[in-house]
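Chain lettering (A, B, C and D) follows the sequence in which the chains are written, and residue indices restart at 1 in each chain.
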Amino acid sequence: MLSFESDYVEGAHELILKRLTETNLEQLSGYGTDPYCAQAKEKIREACECPHADIYFLAGGTQTNQTVIDGMLASYEGVIAAETGHVSVHEAGAIEYTGHKVITLPQHEGKIRADELEFCLRTFWEDESHEHMVFPGMVYISHPTEYGTLYTRAELEHLSAICEAHQIPLYLDGARLGYGLMSRQTDVTLPLIADCCDAFYIGGTKVGALCGEAVVFPRRHAPKHFLTTIKQHGALLAKGRLLGIQFDTLFTDGLYLKLSHHAIEMAELLKKGLQECGCTFYLASPTNQQFITLPDEMLDRLRKHVVCSFWEKPDDDHTVIRLATSWATKEADVLQFLKILKELIRC
Amino acid sequence: MLSFESDYVEGAHELILKRLTETNLEQLSGYGTDPYCAQAKEKIREACECPHADIYFLAGGTQTNQTVIDGMLASYEGVIAAETGHVSVHEAGAIEYTGHKVITLPQHEGKIRADELEFCLRTFWEDESHEHMVFPGMVYISHPTEYGTLYTRAELEHLSAICEAHQIPLYLDGARLGYGLMSRQTDVTLPLIADCCDAFYIGGTKVGALCGEAVVFPRRHAPKHFLTTIKQHGALLAKGRLLGIQFDTLFTDGLYLKLSHHAIEMAELLKKGLQECGCTFYLASPTNQQFITLPDEMLDRLRKHVVCSFWEKPDDDHTVIRLATSWATKEADVLQFLKILKELIRC
Amino acid sequence: MLSFESDYVEGAHELILKRLTETNLEQLSGYGTDPYCAQAKEKIREACECPHADIYFLAGGTQTNQTVIDGMLASYEGVIAAETGHVSVHEAGAIEYTGHKVITLPQHEGKIRADELEFCLRTFWEDESHEHMVFPGMVYISHPTEYGTLYTRAELEHLSAICEAHQIPLYLDGARLGYGLMSRQTDVTLPLIADCCDAFYIGGTKVGALCGEAVVFPRRHAPKHFLTTIKQHGALLAKGRLLGIQFDTLFTDGLYLKLSHHAIEMAELLKKGLQECGCTFYLASPTNQQFITLPDEMLDRLRKHVVCSFWEKPDDDHTVIRLATSWATKEADVLQFLKILKELIRC
Amino acid sequence: MLSFESDYVEGAHELILKRLTETNLEQLSGYGTDPYCAQAKEKIREACECPHADIYFLAGGTQTNQTVIDGMLASYEGVIAAETGHVSVHEAGAIEYTGHKVITLPQHEGKIRADELEFCLRTFWEDESHEHMVFPGMVYISHPTEYGTLYTRAELEHLSAICEAHQIPLYLDGARLGYGLMSRQTDVTLPLIADCCDAFYIGGTKVGALCGEAVVFPRRHAPKHFLTTIKQHGALLAKGRLLGIQFDTLFTDGLYLKLSHHAIEMAELLKKGLQECGCTFYLASPTNQQFITLPDEMLDRLRKHVVCSFWEKPDDDHTVIRLATSWATKEADVLQFLKILKELIRC
């Protein structure tokens, strides 16, 4: 059975397991105070060109969003996000659980638009009864988005300028950041993100780690006593080494970008094949997630050979599915998948 | 430098790393739905003699306590715990963060007493203004306690009977459960715990895993939609395999108990040596954590060779330290430590 | 200066002040255990034709919504509401503050539609990843809505049937319930509401009381230990008499409905006058709140004589305003207002 | 039946009802923006000798404590209080509900001691693992305490100095503040409290109002956007006039202190009588609450004539009761009570 179900169906890149094994019996102090964490942070600072960035490692994406957003917001503030943002839909209310509203903006292929953000902020402050409403306290974007799409440099800078004008932080969820950075159609770099955002995280779980996300506060200080906030959220691993060693490995010799590059190559190969098959793309994704619309009948047959993710049903007879490549995708699997698909279409 | 700082200074048992490596490229579905999680649960059910237990894997102890306690309590309820309980002191308010009070009872070498629990519950219900107070909604105990001490079978059964009489669940924090089960001075077994408690967790992080705790609901059902509660707390790992494979390994061929047994052997060797040195024990611990009181002057010299944990200062000139053995402790290190200590004492 | 700013610009109906004064020196026990609370509850049960209803008095609307919704939802559940619902917009995130998401549906003149509710519930349960999403745990409607509109008997029954089919409660925010019940265009009665809803509140603050809302759980039991939940939310008044005496007065000799009727008569008089002036109505409201669109220039001149509420700006040159009548509105004031308006229009 | 059950068994002072009635039909804007609120604040600023104080009106004590404490603390902080403090025991976990731990200190007749506070703060910061613990973020005291006792000027100044040294605010719960200020045995004045505390509230509910507490931030600014925080807690009354008019009345011509003075006179009369009867005082209270220990048998007979509050049972045959006087207590009732008691004792 082939699987393009998600970018987290395999374990970790082999170098990570190798490093975990090599360092396994070293006696290291806990809670992220070990030298591997320190080393990893230093390498991330370098990659971001932010020598003074505050960096923290957490285990997963929802946990990271919850802890960072709660840590950065005042009680009376909420976070602005696209209506399709991960925090809006697929985190089981983890943000609201911490007392904060997710204020939604319309989504455009997963992205928010600067003009709509500006309008939202302006009308809030102009509203005579805004003291009876949730204050917009920060802006959340995902990059790549849940639809695999990317902000351009200009878009990011525009959003950043609006946030700065309204004195609220811009936070970027980079669960799949590597795949965004290595896209063939992007002008956004890690230093640019560090320049535009007040906080962001570099996703490990979906880019070759067993688990782990690196939160970066590039420009401003991390929230005061953020380690305690992490602990309070149940998000502080005793064996911080597990995260430190993984990120140290990912940020040594550019492994993080190499892995991401591979996933993009595989996605482009897949995309080309899908185009040749005449598939209907749900939208144009420049990253590792591809969305196509299939007749249900064909999907049923395809699923005998391939695992893929249900996305939505545009009508009674069709289904949008997601096909994800990753750092671990084999070229042979992509070709095999395309072969199967072609045969199905031919019938 | 020797280290007896804690039982989480090394990585994981080698078999765990081996299994992670062997299974690494298998394509598995996420969020704990993989076959290794299923297998591990089955083995734990067997070890607990609870064929119908609900089992969930979480990453760390504070996270587990927070999620389980919040999941089991009604909003108006709090959790009863020893004033020295981990939830009372060292979780940065993770329980209160979820809206619940930790109602404290006096501690007796880290344990709560059944008569004091009974008195607390009875006086609550008798109090005419109890509707203005936090309802005691469950009882939390740690076993071994934060002081390394253990409840006896009789004590556990007594606490369990009181909880049942008052219709509130008994929850056991087993962060170091293996070390309790393998103590030379215990009559408590895993099936007994499953019999006495409504929920408990089997600690992995401190007993040979990289991370991971296995929550068991042996008698009653897990809280409704508990998976969503886990997600909402940011505690659901995408790669659930990381936890499943570790617990599958720990519960294959009795590895969990073997590792625990080793730590106990090392602790007993250490204890014997400390006794021979004439050390003052802070209390009599039958598990892997040993607490001794040293003159500060001697401690300063000891710390040039050994890392150990500060516990408390009974007076201006003395310090209580904790020495922890673990699944990874080497006999040679214990002997070397004792040699150093003896030399220091002789001076 | 005339005021149609809101239905809470005056104090309380004179009978309420009279009763508060007459009973003032009676020594009564606190927290709602006095005989006036008991009496008031009995009269409300009668008015609702629900002899076994659980009834609680709280001080204000947001407090009531927050306490009832939080009390009725499980942690992993959210409340469905119109995007314009009071809980969605104008309660400063009071619902999210208690950890629950407000799941929004489109609004149609302030109302939600049964088919859209049904679709929302059905697609949630069909979604393969619904365990990663907030569970819809109850439905919130306001009646009259924030736009003064009303559900019909058929609409209420339909919503109720859908809730019952999905086993989630229907909750009705009756901040202005009296004005809905006395509308000339309604077939909804208090017993019907009690029949259709699992919880609702009868608003006092906006219908003649100094403060106070009466929460009714007509069909099912109130949430367990709800008094403690009220206390925990800081919503339990020591002098419960303040609420009991007010509701006892409002539900004696039909005062509540009489006051409401008066407001409706005044609103109809106002509406007729506005129609005669050729005013553009923002929507057709059958209750005490009327919404009209005025050119900004005219509004500026009007505001020299009349206080009214800004509602929204449909374009750069016009403003929608709200004119509210109440139990205390004087006929002479309505006529005077219409006279001023006519003069302004004539100019 | 006589009642010394509490200081909130009657309604409000007659002048308050008179003012409410006189102003009843004035059309005033809502949410505390009316001129009576402004006037009342000005008079309170004068009484506190704090011309720049921020002042807010809330409805009740638990609500006030919850909103102020939550508003002033960072997420990772808790509030220090006596183990018998109202926030520790009788607020149904309202503080924990907002995510904050109540860190308890021993109580000495209801008070905390400066040396113990200092020790608590010092040891927290010295503890190597304090980042894993709840940060002490403010100090809560009640004055008078739940036992009717009072801090001296020296004690208050000492506590204030410790708080300042540790840069955490001191907050005083003045639910019964008037009775403290009018005690015959106090050197504490309102300006002194304003000088020593960073926030405090002047209790209305127990000192002659129907409801209402006035929160004062004398020295530093109120928490940012505190009105929104109040709204978010469901604590903002639409008819703010209800609170404004009451406090305006209480702070006109010294009514607040006059009412308090009367209660103290009645308490002293009562105390003298109790002493003459040879009653055992549970402790020496200089305010309106008196605590005596009675044989259960005598209490049973007393309760046929008098309502009083159960406090605790020191042994199987005795009960501590609380007798409270108030602004409304009649001298004749005190004398009648003493007569009854004397007769019972004589038997």
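Methods note: a residue touches a chain if its C-beta (ideal position, glycine included) is under 8 Å from a C-beta of that chain, and two chains touch if they have at least 3 such contacts.
Treat the numbers as computed from the prediction; the structure is a model and nothing was measured.
Visitor: Among the chains, which one keeps its Cα centre farthest from the Cα centre of chain A?
Guide: Farthest chain from chain A, going by C-alpha centroids: D.
Visitor: Please state whether B-D or A-D has more C-beta contact pairs across its interface.
Guide: Result: the pair with more contacts is B-D.
Visitor: Where the CA atoms of chain B average out and where those of chain D average out, how many Å apart are those spots?
Guide: Going by mean C-alpha positions, chain B sits 42 Å from chain D.
Visitor: Hey, how far is the Cα centre of chain C from the one of chain D, in Å?
Guide: 34
Visitor: Based only on mean CA positions, could you tell me how far chain A sits from chain D in angstrom?
Guide: It comes to 51 Å between the two C-alpha centres.
Visitor: Find every residue in chain D that makes contact with two or more other chains and list them.
Guide: Chain D, residues with two or more chain partners: 75-76, 91-93, 97, 99, 131-133, 228-229, 231-232.
Visitor: Enumerate the contact residues on chain D facing chain B in the complex.
Guide: Touch residues, chain D against chain B: 75-76, 78, 89-93, 96-102, 128-129, 131-134, 310.
Visitor: Show me the residue ranges of chain D that touch chain A in the complex, using the header's touch definition.
Guide: Interface residues on the chain D side: 31, 70-71, 74-76, 99, 131-133, 135, 224-225, 227-229, 231-232.
Visitor: What residues of chain C sit close enough to touch chain D in their complex?
Guide: Checking each residue of chain C against chain D gives 1, 3, 5-6, 8-12, 14, 17, 20-21, 23-30, 59-67, 91-94, 97, 205-206, 210-211, 228-229, 231-239, 241-242, 307, 328.
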